[in-house]
């Protein structure tokens, strides 16, 4: 993969490319289904579509609704995993695996076969275990606060917050996640209580951010764990690479293989319609559009990413 | 990932690195279990260990038993897929999926849930479907001959051949694969007969090659589908990238996530103890040692690859 | 349950009851789907409907198409099990279980979880194991001949035979059953070869008999293993009771609980549309109508049995 | 099956038979494992063994520890089902199935495949649904009170009560059952809340009764729904027969087929070590011994029932 300097010197105009990609994805705008399990997600305007790219040098490019905040949902798993791994180290892997799951996002079947050890940190059950480990003996509120501070520092915006209405609706509608948490607890694989773990989990899913903020916040993953703007080491190089590899093999539920096949970048989808992608050594991308395909990934967002990669040649596979 | 020229100018000595890696992996040599389901694989000397690297400019580096032929087993799936995709194009994806499987290599459960469509081309059932499509209306013998010619051309060695004893033993011991093939046929997902598809399948698994030959043969996958030595376009860039992405998400059965996590390169394991890995833009690696871990991947081979990546910085995730 | 003498002395007229039941079931005649996986079964007149009852004293009562031969399909499992258990004794239970299966008739999933031991003798995989054990070191032809002689002796009709066209079609369409057999063989749970076991299996499914013949043939199961007409001991009392209990808990695929709930008698369905039921101490019933419900049991036949039990009070549960 | 009068006139002495059965089962006394998931069940003396028989005329026979109260656990499901079916009629079957499950007692896998509809009322998930329907718009306390009154009336003992220590321990250790309840609720298959349904469920499992009381209480199931002592109609004949059929096809988790095969009577096991069995037209049996086999059924209790049936000829299959 050519580095960005070379690309730009040869005339690549990222803003123009993003605008072309927006047009490419136009036909998919408004298609697909909104996540309907909680009212707040079902009320989002389905025609929204935004794309943002963040680069090493601090520049960011954006088109469409890239500055509009949306519910990041399970994109939060990436940041929670970064923090939890930093806290607990590789001991985390005693409680959650790192193999692709081959079953839909909420599958409790896998959990039964594996005696309560979720298959990876990017299925719901795995993210519940990560939430639990992130508490690390503190109160759930402190764990949530740590995550918020991290997101604010990474994106350079102190106003990032939880949408409390969404968090309450998540909790009210959360029978499946409660079932997962109790099931994990039945196998003694929660350090804290079911309510504590879920208290973190439901709130981290309810954080609201824009494409531009998310791309900015994840930049450390493209640069071996170091935030290229602040110079701060957020994760070790090994950790950063491994989070990327987990995104590639497990980041999109039952869409993961398709995403790797079509986009070829580490990424993470959320059912709020956001997709975060990492271009190692170059930067980060975030696309958002609320309409989902059958496997819970943004329809227009996925198409936009595919086209962006096509137009830029950004892929880790050559 | 720095390019090789830069690396070598800065003093990287690949031969010395490979020798260090051989010492790194010494403790794992002879550990693990041989694939015992056919006698020929069970008779291999378990202490064998070889590693080879092939580069763009035609140079190859090798240590240990890197020139000793072994049974490539499911590493053959990568080459068969390249040929079958070239023949049938994306219509192949109507017959086999591209999602990670989350179940052991032979699992028929997945196949039942998916009504006879294997989850990806790198589980046994998927490779049987690829074998069937590779026939493409010809005789099974012609399909096998095409694969052999391809391997000979790519590795530059006309003597590459099938070990007929292994092929016969595969066929004799092949109840599980016969079950898979009949099951697929029951759902009308074979174009030719069960015996035809298996005739290709059992023979492609029984090809014998050395580490150096395998690394050399796969070089097109590191250079966007073009063999850098002959300049021949073997696959389109898109196809080549996608085969890499499939290796990354599905290449090692229930070990795939672990391999991506620890090695971070597209790869494919065979239960003969070989592991092939692709370093996009740089070259290819093949390690071989017959002792397997619980998931059917070479124990010493995996360790060697992990150390080689550590010592070279070769990873697609930064 | 009152005995028949008492019932008849109190005015029960079985012929009149059967005629009423035929009217009861009239609305279901021709409904449901024919088993379409082989042409011969798909060509049967869907409006056929017959019911026969056989009693201890040799009398039989019949209405509708009760004397028309049809393909007995998996009703044959009951007789094959009687013979195989007689031959091998309780050693058979090392190779096949006796628990209800909870999955559709052909499920290979259960077989994978149980490492090749079918869950009971009345799912297809279990009947293949019973077929294999029935061979007992002889030729498959001798095993089939023994079964035919048994059916002829029990029903008092020397002309009972295999429909060779059906047998050939079963074999041609038998990918699923071949998959099951190879899968069982992969776990070393066949005594003879896959082809030998299937040769018995496909032919026993293709025997042709009428309702009246089937009811007559099964009479030993209602009288503790002794054929009440010939006085011959066909099975030990313990064996006979246990075959009845297996019919009750496993006799109708995923319809078993429903059958026990609505009919309350040991029974066995075949996808040719026949249903055999045993009234312990009283006699046997066979109903036949080719249209099947979603779980592969005769729609009109099941309704007829339910009504017959209602009108006679024949049930084992009071 | 000969009626009891005939049997006794021909010299059958039930008390002597029970004493012989107690000796038969002596070798199994104290074997097997106690249910250890809650402390109270783990503290029971493992050498306890009791058997009681209740007859139509009010006589009861008992040996060993037949008058010692124990935790009835899921034997309670039978009585709860009788009451819930009486309240809601066949609408109950919209919420719980009636097919054998083929998976262990707590399996959540089945529940996922069936979209939250438990397979039958005698697996834990099904009993939770029955508990929920038993509430029927009232308070959970009233539902529990109704069940207690029913058990007191049926067994003629006003002192029957819940062991509150067991109920609290059940609730504390109930992660698996909470997971099941939330999972059912996620599919909108609970009428009341998770906590309400479980409040009934945990308490009904914690009722304490003796063998003699349980046999007495279930007598209506042997006489077509009418309590033969009080003459009271407790269930319709159809309902009573159907509960018997459900006990036969689903009463012992993954032991059900084995129980039908060896005992041949409708029955229900509890992991407190109790087993209830119904002899239609004759009476009821209850055996108790706390040591369990691998599938959660009393080891000595099962053996005792098998021997009792052998010595009396009580079976529904002839």
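Each chain carries a letter (A, B, C and D) given by its place in the written order, and its residues are counted from 1.
As a convention for this text, a residue touches a chain if its C-beta (ideal position, glycine included) is under 8 Å from a C-beta of that chain, and two chains touch if they have at least 3 such contacts.
What you see is a predicted model; the values in this text were computed from it and never measured.
In how few steps can one go from chain B to chain D if every step must land on a touching chain?
Tracing touching chains, the least step count from chain B to chain D comes to 2.
Any chance you could name the chains that touch chain B and chain C both?
Where chain B and chain C might share a partner, there is none at all.
Need the CA-centroid distance for the pair chain A / chain B, whole Å please.
Between these chains, centre-to-centre, one finds 31 Å.
So what's the Cα centroid distance for chain A and chain D, whole Å?
49
How many Å are there between the centre of chain A and the centre of chain C, using C-alpha atoms for each centre?
56
Give the residues of chain D that touch two or more other chains, as numbers and ranges in rising order.
Residue numbers touching two or more other chains: none in chain D.
Using the definition of touching given at the top, classify the network of chains in this structure as line, ring, star, complete or other.
ring
So in the complex, which bits of chain A are touching chain D?
Interface residues on chain A, with respect to chain D: 107-109, 112, 175-176, 178-183, 185-186, 194.
Quick check: in the complex, which residue numbers of chain B touch chain A?
Chain B reaches chain A through residues 1, 97-103, 110, 119-120, 222-224, 237, 240-242, 244-246, 248-250, 254-258, 260-261, 264, 266, 280-281, 315-318.
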